[in-house]
Structure formats: C-alpha cells, structure tokens
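Chain lettering (A, B, C and D) follows the sequence in which the chains are written, and residue indices restart at 1 in each chain.
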Amino acid sequence: DGHGPIKVAGIYTVPVEQQWVSRIHIAAEAAAARGDIEYEFTENVANTDYPRVMREYAESGVDMIVGEIFGVEREAREVAGEYPDTAFLMGSSFKEDMGPANLAVFDNYIQDAAYLSGIIAGSMTETGNIGMVGGFPIPEVNRLMHAFMAGVREMREDATFQVSFIGSWFDPPKAKETAFAMIENGADIMYAERFGVSDAAQERGVLAIGNVIDTQADYPETVVASAIWHFEPTMDAAIAAVKAGEFTAADYGRYSFMDRGGSSLAPLGTFEGKVPQEALDLVAEREAAIKAGEFSVEINDSEPTSGS
Amino acid sequence: MSELFDILLSASFWAAAIRIASPLIFAAMGELICERAGVLNLGIEGIMVVGAFAGWMAVYSGMGLWPGVAVALASGMAFGLLHATLTVPFGLSQHVVGLGITLLATSATYYAYRIALPQVNTPPKIDAFDPYAIPGLSDLPLVGEALFTQTPLTYAAFVTAALVAFVLFRTPLGLAIRACGENPAAVAAQGLPVTGLRMGAVIVGSGLMAVGGAFLTMSAFDSFFFEMVNGRGWICIALVVFGAWRPGKTLLGAVLFAAFDALQIRLQQTELGAVLPYQAFLAAPYILSILALVVMSRRAQVPAALMVPFRKGER
Amino acid sequence: MTEGFGETVLRLADITVRFGPVTANEGVSLELRRGEVVALLGENGAGKTTLMNVLFGLYAADEGSVELFGQSLPPGNPRAALEAGVGMVHQHFTLAENLTVLDNIALGTRSLWSPVSGTRALRARVRALAEEYGLRVDPDATVANLTVGQRQRVEILKALVRDARILILDEPTAVLTPQESLDLFATLRRAVANGLSILFISHKLHEVEAVSDRVVVLRHGRVVAEAATAQTSRAEMARLMVGADIAAPAPRPARPGPVRVALRDVTTPARGTATGLRGVSMELRAGQVTGLVGVSGNGQTALAGLIAGLERPERGTLEIDGKTPAVWTPRTAVRAGIGRIPEDRHGEGTVGDFDLTENAMMELYSRWPFSRAGWIDRTSARAWAQKIIKRYDVRCPGPEAPIRLLSGGNMQKLILGRVMETAPDVILANQPVRGLDIGALTYVHEQLLAARDRGAAILLISEDLDEVIALSDVIHVLSEGRLSPGFERGTMTPTELGAWMTGAGFEDAA
Amino acid sequence: MRLEPIPAPSLARRAGFPALALGLTALIAMGLAALAGAAPGEVAWLVVKGAAGSKFALLETLNRATPLIFTGLAVAVAFRAKLWNIGAEAQLYLGAVATVVLGTGLLDWPAATLLPVLAVAAMAAGALALLVPTFLKTRFGVDEVVTTLLLNFVALLFVSYLLEGPLKDPMGLGWPKSEPVIDAARLPRIAEGLRLHWGFGLALIAAVLVWILQTRTIWGFEIRAVGLNLKAARFAGMPVNAVLVRTAILSGGLAALAGFSEVAGAKGNLTTDLSPGFGYTGIIVAMLALLHPLGVVVAAIFVAGIFVGADSMSRAAGVPSFIADITLASALLAMILALGLTSLRIRR
C-alpha cells in the first residue's frame, strides 16, 4: 500500500508473560516481523505512571499506542485528547463514544470459544463437579467463566461449580493449592484461568480446560481444550486504519469475536478421539451458528460464585 | 461446623498446610538467624525472588536439582553479603538497606530474566522435585500422608529448622550469635568478632531465604513467574515475631499460618463461601496472625540489640 | 617499692590515646607484679577506663605498647589479651541480660566451630570456682533477674573460668552494697593468694586503703603519682587525684521545719524481683536530711518511685504538705515541688542523644519561660543550661553537646543542677554520688546540705552507710519492705544499723 | 582498622560523598544498559533528561514525589518516637477510602468547604488505622512492626472488597473501581494540562508544619524524648502513652493525606492499585532524610526523580523497563552509604 512501517508502542501494567497481555504482545511482534510496524514496549507500568508513559511515547512521535487503561480510564482519555495525531488502541471497560476521537477500545471478547470449551468440559466430566480458579473477578475473567459455565450446562444440566479467586495474577503455587483443594472436593475438570491450575490437574490425574492461551503442549494428558484469544485481527485492523488515516474512536472488541477470527477453540490435539462425538457435534453446530451470526453467547461480566 | 471438622481431620488438608508452610519455614529460619544476631533483614522478600529465579534458572540451564538449590543458596548469600556489609560494619539504617535490597533483588531478577529469555512465551518448565514417600513412615495414618509424602525440599525445610535450633541453642557459635543480638559489647569483650558473626548470620540467613524462594519454583511449582513470591517474605517477618525468635515456635507458626491458608481455600467452597466475599477469606490468615500475637504477646523476648548497630569502642 | 611480689606480669609503656580533640591517656607507663594489687585512682574522666580498655585490647593506643608476661601484646585485640590471661570486669557490665549466667560465662570459652557447647563440664567448673571463691550464683538464672551484686560475681566468674592471671576491675564496688563489697574483697584476697595480680579502680578511698598494695594516680590522662599504699593516706590520695585539698563538709546542726511529705501506712505492690513497701509510715521534714539505708532489693526502689511519682500507694496515703494528691505521676510530683535525682542516670536521668540544654529542661519544658502556649523557647532553655553548667562546674564542650559524651560525674552534676536550681521544697536523692570521684562527691554533698539549710526536705537513699551517717539528721532502715523507726543523728553506729538491715532490729522491736 | 565518627564533617565530604553515590549509580545503570545491548554512553544523561529535562519531566517528578512526601513524613514522625510504623500503605488506602466515601456526592458542598473536610476525614481514617496497632502496643505489648505490616495486606483486601462491593462504580462496567469524586472534591492542577496538582503544595506545607512541630513545640520535644529514651521521658513527667497516641494520629493522618491527595488530586477515583508501594517507599524516603521533615521533601523528589528519569531512560535507550527499579535501588543504597560515610572515617 506504499506505506512504510508505522511506529507502535505497547504499554502494559504487568509483565508480558501475563496471559491477556501476552496475546497483544505476540500479535504486535508478528506485525513487526511482517514489517508492518516498528514495535517497542514498556511493561510492568504502575497505573500511577501510565499517563506519563503514554505521554512520553506520544511526544516521541509514535503513530499508535496499544495498551490497557482499565485502571486509568479518565486520565488516559485526557492524554489522548492532547495528542490527536496519535492513535490510541486501548483495552478498556468503556465504549468508544466516551473518549476523544483518537481513542479506540477493545477487550477479550472470547466468550464464544469459552462457551464451546464448556461444552467439551461438560461432556468429559464424570462427577459434574467443575473447579474454577481465577485471579481477580474482573469482567475479562468473569465473562469467560460465565460463558464456559453455560457451555458446560449444555451437556450437564446438573453441573456444579467451585469458584475461587486467589487475589493475584502471578502466584502459581497458590493457584495450584486452590485447585488441589477443589479436586479433593470432587472436581474432575479444572477451568485453568491461572497458571498452576493445570499443574494441579496433571498431578492429580484430572482434566483441565485452558483459557486465552493454548498450553496443551505442556500438559498433553491434561488440557482437553482451550479457548484462545487471537489479537491479530484487532491489531491488523487498527494498523490498517492508521495507515489509511482513518483511525477513529471505535469499539474494536468485535474483532475478538469468533466470527472475526479473534477467538477459537484450540485443536483437540492429544485429545483427538477422546471427546464424545455428541459433544463434538454440538460444538461444530454452535460454531457454525456463531460464525453465521445465528447464535450468540451471553456476555455476563458479573462475579461468578460457587454453586450450580 | 461438621464441614470444618471434616476438613481439619483430612490428611490432604494437613499435607497442603505442610506444603504451603515449607517455603515459609526456610525463609523464616533465615530471618530468625539474622534477627537473633541483631539485624532486621527486610530484604527477605527480594531475596526470595532471587532464589526462586536462580534455582530455577540453574536447573533450566542443565544443572541437577540439588545443585540448583545450592545456586539459589549462593545467590541469596550474595545479596546477604551486600546487606551485611552495609548494615553491620557501616551500621546503616536496616530499614533502608532491607527495603532497598528487596527492590534491587526483585528488579535485577526481572531484568536478568528478560535478558536471559527475551522471547515472550509461557516461562519454560523444569523437572521439579517430586514427592517422595518415605518408606514405612508414609504408611502411618494421617501423618503419613500429611508429613511423609512430601518433596525432599519439604523434608529439608524441617531438617533446616532442627539444624538452626541446634546450632543456635546447642553450640558455641549459636551462643555467640544470640549474644550478638542481645549485647554485642559483651561479645566483643570476650574477644569474639561481632562484625564477623553478624555478617555471617545475615549471609547464611539470606541464603536460607533464597532457598525458601527456590521452593516455589522447584517444588511447589516448576517455573518462574514475576511477582510469584507475592508477600510471603513479609509473612516470615511476622512469623519470627510470632515464634518469639525461637525456631520451634516459628516453625509451628509457619505451619499454623499455612493451615489457615489451606483452610480458607477450602472454606470458600462451603456455605460460608456464599455469604462472605472472597477477600474475607484471603484476609483471614493475616487477621488471625494479629490476634494470635495479641494472645501470645511477650515483648521481653525481643533480642535486646535488634536494629542497634555496633561499633567497637564507641560511647 | 614492689619488693615482696613475684615477677613483672604486665608492663604498659608510654600509652597515649586520643579521641578527636580529647587526649584520654598521655604517656602512661605502669607495671604490675605477680600477686600484687594495684589501685588506679583519678577523677571522673581522668582516663582510667580508657587505659584499661587499651590493656584489654578493646581500644588500640595511638602510641605506646603493652607487654604481658614478657610478650608484647598485639594492639586492639581482646582475644589476644584474654588468651594471655587477662580478665576484665567492666565499669558497665558486659552481660547479655536475656541469656543465662552459664551462657554468659560460656561465651567465647570454646572455639566457635566446636560442634558441642560443653556446658555440662563448664557448669561443674563454675560450681567449683563459685565454691572456692565464695561467688554464689545460680548458673541457670537469667541475668536480667540478678541483682547488681550477683552480676558482679558473674563477671568475676567469667574471668576465673578462663584462668585469668591478671584481673582488671573497673569500679567494681560502685553499685555494690557494703556487704557485697566485703564479699568481693574476700574473694579477691583468695584470688591473690592463688597468684592472681589485680588492677583495681575505685573512687572509694577506704577500699583502696584496705585492698591495694600500691596506688597509681592519674590526672588529665597522665600519671601524677605512684606510692605504696602503706606509705600514703586517704587525704594524701584525695589531694593527688584532685590536685588540691579536699575537706568533707563540716557537720552543722539542722533546724527541722514542718512536715513536707508524709507516708501513712503505705503499701505498694512488688515489681518483678523488687520488694514493695509494707505498711510504711514516714515523714520528711523541711530543713532536714532523712537518710534511708538497706540491703539492695528491700524496697528502696518502691519508696523512691513513690516520692518520684512513678509509684502509687496500693494501700495507705501519701500526703504532700498535708494534702493527698488526687493524681500522682512524675509530672504532678514535679509540680508539687519535688526535685528528683534518679538512681540510674543513664536510664532514667538523661536522654543520651539530647544535648545538655534539652536534658536540663526535661522536667520544665512545658512551663514558662521554657515554653509559651506550646512553643519552646530555646533561648531561655539555653540560658538556663548555661547557668547550670557554670554554677555546678559541669565539664562539657558546651550546652549543645550530646550528654552521652560526658563522664558520669559531669552527667550527675547536670542532673543535680537542674534539680537544685528550681529550689525544690523536697529533694529525692537516690544514690546521688554513685561512681563519682571524691571531688565531685564532696561537691554534691555540699549542695545537698546547702539545700537543707535553706529549708528543703531531703530524702537520701544510699548503699554507702558512711555517707548516710555523715549527712543524715534522721536515719531509717528498710528491710523486706518494712521501715524502721527514725534514728536521730549520732544515736546509731554502723554495726547497729547493720543489724536492722538484716532484719534483726525489727524482730527485737516486735 | 575501624570506623569512627567525625563530629563536624566538612562541606567537601558532605557534597563529595553524595556526588560519588550518584556517579556509582550512573555506572551501574550504564553497565546494565550495556548488558542489554544498548549503548551506555548516554544513559546517565537520559536519566537526568527524563527526570528534569523539560517542564513536563520536572512536573512529573514532582507529581510522583507528592505522595512520597506525605508517606515519608508519616514515617519520619513515627520513627522519631520509635513507633515503627510500616503501615503507611494501609493508612494511605484508608485515607483514600474516606475521600471517596464522602467525596463522590455524599457531601455536595463547594470546594472551599468540601476539600478541607475530606482531608480531615481522610486523616481521621488513617489515624484510626495506626491507632489500632498503637493500642495493641501500649496495652498488650504487641510488636507494631508486625501488626502494621500485616494490616497492609488486610487494608488492601478491604479496599478490594469495597471496590467489588459497596463502593463499586455502577458505571465502571464491572471493573473494580470507585465512582469518580465530584468536581468540587478535586484538588486543582497547578499548571493547566499537566498532572501536577495542589496536593504537592499541601505536601510542602505539611513538611514545614511537621518541622515546626518537631523543633519548636513541646509536642515535638516530647515525641523526640519518648523516642530516644522512654524511661527517662516517663521519669521526667511526660505522658508517654498520650505521646505515642498523638504520634500515631499524626503519622497515620499524614500517610492518609497521600491517599487523599492521590484521589482528589491525581486520579479522581480509587482503584486497588492507587499506590505502587508509596507506603513502603516512604520508609526509604524518611530514612534517607535522616527523619528530618524538610529533608523528606528533598529525599522524596530525589527518589521520584531517579525513578521517573530511569524509567524514561529505559524507553529512550531501548532496554527492559525493570532497569528503572534497579537504578532506583542502587541510588538508594549508594546514597545511604554516602550519607553514612560523610560522618565516618576509617582509622588504621
């Protein structure tokens, strides 16, 4: 298209290993590898420092800033307002109409895939007792848990769920202990929102469902299915908009939906042939319906609780 | 109520408590040694991070597990040397040095991680310590599963506590260390090297803290994550006070604290879990620790020269 | 002058020690022979402790050398001194209070790398030595629970266990009761008979006379005199120390006035190892010194605390000028015009890191002119401190110097000054001359008598019977919390008081 | 060989050692940058530029220093009385909670009355948070290092509960944060368009007031006496427990002002990551300042400047951003060593 690479800066409040952020980071690196962008990033930025870092990058002349402003919505919009020539593509709880014209929002709307992973889980559980360990009950986590639970119920109406939040993004030993407790309490499938949960499942010989990233390679006997977030469609759409000079306030959240390729169910891999056909059929049917726009999974951002 | 008893009577609950306690035991013993010698070591949180990284990295790059533990120990001792140099001969503020070392050790670890593993992915896994059922003992009812089917590093934690108790209370070296924490002038008057003793205690203590960190990446889990130490070091500071600076009571405190933690995880799935917010459960071990301190409070046990720098021949 | 003793065991040659601008020792030379007891005399701050610290290796001398048993001692190395057979009992005890007696003695007796503590053998040895030298103390007691006299014994045991052949005692009797001092001297005699040599520092000249073979006098860091004890006298020693003649204050008749403080059947609770008061009644009259004696631990602390405002009667009443105060705290005691000289000048009397000005106004800061409406007036405070420094001859770098740098005697003078300058109606003088040299001691006594003469009621608590007998118009004895009747000046001999102190008098009276 | 204190260090020592410390810090930062493959040459300059090279940079430094001044003062005041308050973090959060509870519309007053009321309410909340450990200390002899430390965790979980429960912003779309405070509850910006707000001015005023209190009033005299020798203070007639309580109120209140200032000045609302450890950094700030209230201002600006500058340098030089914390930690340790060496010399 005659354009050289645009300059993109990522600003993340956690290290880039964190699942959610890692998807953005990997998409950006892929775009950089293709030569579409020049990419640099700053990680582990406290929210107190976030507006300053935004401003520094904007001052340095980057074309687009990608990041997450859940904790600094108001200040971030102020900064964006001062740099109308810079595109801001930000993970945010709000919608595009609340901010300046150059700030677009996105989030991990992968409830479709989470729902499908729930169907598989529902078909694999024997006890009907499912354990779920999360970091914090924020919308990005809650909506996937709800979608997953809805999927499970498609196969097991009587399923019960154990839900716990460990109050930390990075404490695999704690997540593991929490998972152990749930397994002792009868869970035979673990929903692995955090690192450490699949490890507990593996050690105790129960199954796990992955989330956001695919970790089956690490737990071949344990992780049955995963709902994967692909940030590439979001990133690529934003890059194209910037290059075309058409970047405006918009909700890029749609690009995370399954029909846009923003999420998918990971290949069954080692569990090929081990999942009941009945479930696979339902998954195929619903996936087609979702992609055709005939079926939508409810987006429920409220905190899930234990129970049925 | 009956649910509570069911939990408390299950071997797996106590096994979890012992697992959770293990890193705390190592690190709390390290802190105890430092404080017995008269040095408050607030570097503990950062030193645990270093140990968690160093041990794991060593194994990841091809070393055996026990050599990895040794690397963790050495990394902690290196930071201990820095802490000791600044606080003992120079007598600088133990608060600043400790918090500064926590900041330094943490950030240096993360920096090293980024340079060592620049490609972003899930951190690689190592073959961590596996549980080892001690023949005979592990067949005992309840305690067999709780105590004797743990990883070797957990056994090492208990052995360490026993060793620390033995050295501190049964050997001349331990006596000298304790005396340094009570009245360094008395130690100097016997011709013993207060500076050397205090530095040695801080270095060895820091090494143990690092092993506590390594437990997280080499036994409790099998890879390294930023921030995974998650405040455990600060808990150990509290455990030492709770244990009245005695290894046995400190160990007991660690197990109790861990038991509260294991209990809150389980109680979240009971009816209580539906009523109380999850934060109440997470806060319970801290609040119970404070209450336990109120019940136990015996101030007289504080090493009299804790945080008091010593320079020979100063009035 | 040293004939009759064995070979020279210790030779200090031309020792000079400087602390910044202060020269604590200047060209000091000294010899000690086997079986000899040498007393080191000198004013507060003359450099005695410094010299002993050099000998023991705690300080390194700037110039000069130390030779032990013919071998020169490496400087600044207490280990070497210990191994050469020097034992030191420090002026301020070097004991770890939260450890046991045995632990304190064991410290440093074995290689640090020894895998066993060897306490069993040591306990036996301590028992044996304690028996031999009459140093009774429970090896398993925690030092914090011991009386000063018992701590003293632990310190000596520490030296004996190491087979010390030279024993340094820095003011060993400053905090001992007369009986404890006598026990100590008996011990020392046994040690000397066994071939020990002793260097001994004391301000109490009668002890020096009784115990030492030879005296060495330091003034301003230099040796100014040396003499066989037999060939000198107390007056001579005092003159050599101070450089001028010292005369004890002449006794003058008291003119007792009204009762200022009265205790009516007061009982106080016991605190730790310290006995409380048991039904004590007592009156402090204006213009009169009331002396209080007793074996340490018999309620002196409780009585002093009561007058100082730290303690309240559990039963009975305390009356100040005929009225029972509703609130009784240190603050109300100060307000009621009670001047207090505390027993422990480091712990209670002063704040070491405060300067002299701040220490001088410790009790008065909330009053005019030291503060107005909550604001401190440093200028008034400094002027006040300067006045005390001048009047009471407090030797110090100035009112802005931290008080911890002062010698004990000078610290005591500042406390005395801040009490006396408010012209209190009642003065509590608790061990007012502990550790002071003869010059300072005489000065303090004169000041107390002057206060009496202008009408103050004085309570003098001391373990030094001679001091109490010399100064008091009325003497009471405390024993197990009970108070004897008041004995008028001149009616009691030390022996009779001693009987009351052991409790005998109470039995006879009952 | 041993170290001995110098009574009155020369100006050369007092300026020279800190300069050496900064030099050492620069060397460490350069070495680390080189390790990450960046050219070390400009590193030191980039730090200075990032901290104070422009009006924006300078104001950002002062902005980040603002909460540190408050928490530094809080710690300095408490440590003077040997009240080991490690809980400034908890007090900060409780101050913020009070600000949010009253400032989001409950009190609909004009700024001139609302702001002082919010500040006082915040101080009361922070004071309360420290009074609990102080009471446990004076009443039961419980070590306050541990209680204040543990209460940090409890306070943060409490805030987390509030933000997911009663204080949750209904407009926040599920993210745990409070409603924004009303406009009248916002501290105005000092310069339009930049982040620095009048919380900084308030911090300076607080520092001067604390300094006056400590050096010129009988309360300050009592606090220092109690800290240096509690027995002597009691003997002299000082109301020791009352002094500790007063100190706790002052210290907790100052820390809480950091929370007030961050909410009313910087953020406008409360989240669980309001403070990236300002309470703990306050301890460092206080000790670097040798507990001097005016020194706290300097130390806070120093700490903030090093961090902001080194963080900016990490982007300019293209090295992992963790270098900012390493640089800060090195600077702290080097500086505390330099301050120590200023008044010490080696003898033989």
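The rule we apply is simple: contacts are C-beta pairs under 8 Å (C-beta built on N, C-alpha and C of every residue); 3 or more make two chains touch, one makes a residue touch a chain.
Source: prediction; values computed, not measured.
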Inset, instruction - Return the chains common to the contact lists of chain A and chain C. - result: B, D
Legend entry - Partner chains shared by chain B and chain D (touch criterion as defined above): A, C
Inset, instruction - Name the two chains that are joined by the greatest number of C-beta pairs in contact. - result: B-D
Inset, instruction - Please name the chain that ends up farthest from chain D once chain centres are defined by their CA atoms averaged. - result: C
Legend entry - Euclidean distance of C-alpha centroids - chain C vs chain D, Å: 46
Inset, instruction - Give, as an integer number of Å, the spacing between the C-alpha centres of chain B and chain A. - result: 35
Inset, instruction - Spell out, as numbers or ranges, the residues of chain D touching 2 or more other chains. - result: 2, 157, 160, 164, 320, 322
Legend entry - Junction residues of chain A - those touching two or more other chains: 44, 137, 167
Legend entry - Residues of chain B engaged with two or more neighbouring chains: 110, 279, 282, 312-313
Legend entry - Every chain pair meeting the contact rule: A-B, A-D, B-C, B-D, C-D
Inset, instruction - Give every residue of chain C touching chain D within the complex, in rising order. - result: 20, 60, 76, 308-310, 329-334, 340, 342, 347-354, 358, 362-363, 365-366, 371, 374-376
Legend entry - Residue numbers on chain A that touch chain B, as the complex places them: 14-17, 22, 25-26, 29, 44, 137, 162, 164-174, 176-178, 180-182, 184-185, 195-196, 199, 213, 215, 218, 305-307
Legend entry - Complex contact set, residues of chain B against chain D: 82, 86, 89-93, 95-97, 99-101, 103-104, 106-108, 110-111, 114-115, 231, 234, 237-238, 241-242, 277, 279-280, 282-283, 286-287, 289-290, 293-294, 297-299, 302, 311-314
Inset, instruction - Over in the complex, which chain D residues touch chain C? Could you list them? - result: 2, 7, 216-222, 224-225, 228-229, 231-239, 348
Inset, instruction - Would you pull the chain B residues touching chain A in the complex into a rising list? - result: 10, 12, 16, 19-20, 23, 110, 120-123, 125, 216, 220-223, 225-228, 230, 261-262, 265-266, 268-269, 273-274, 278-279, 282
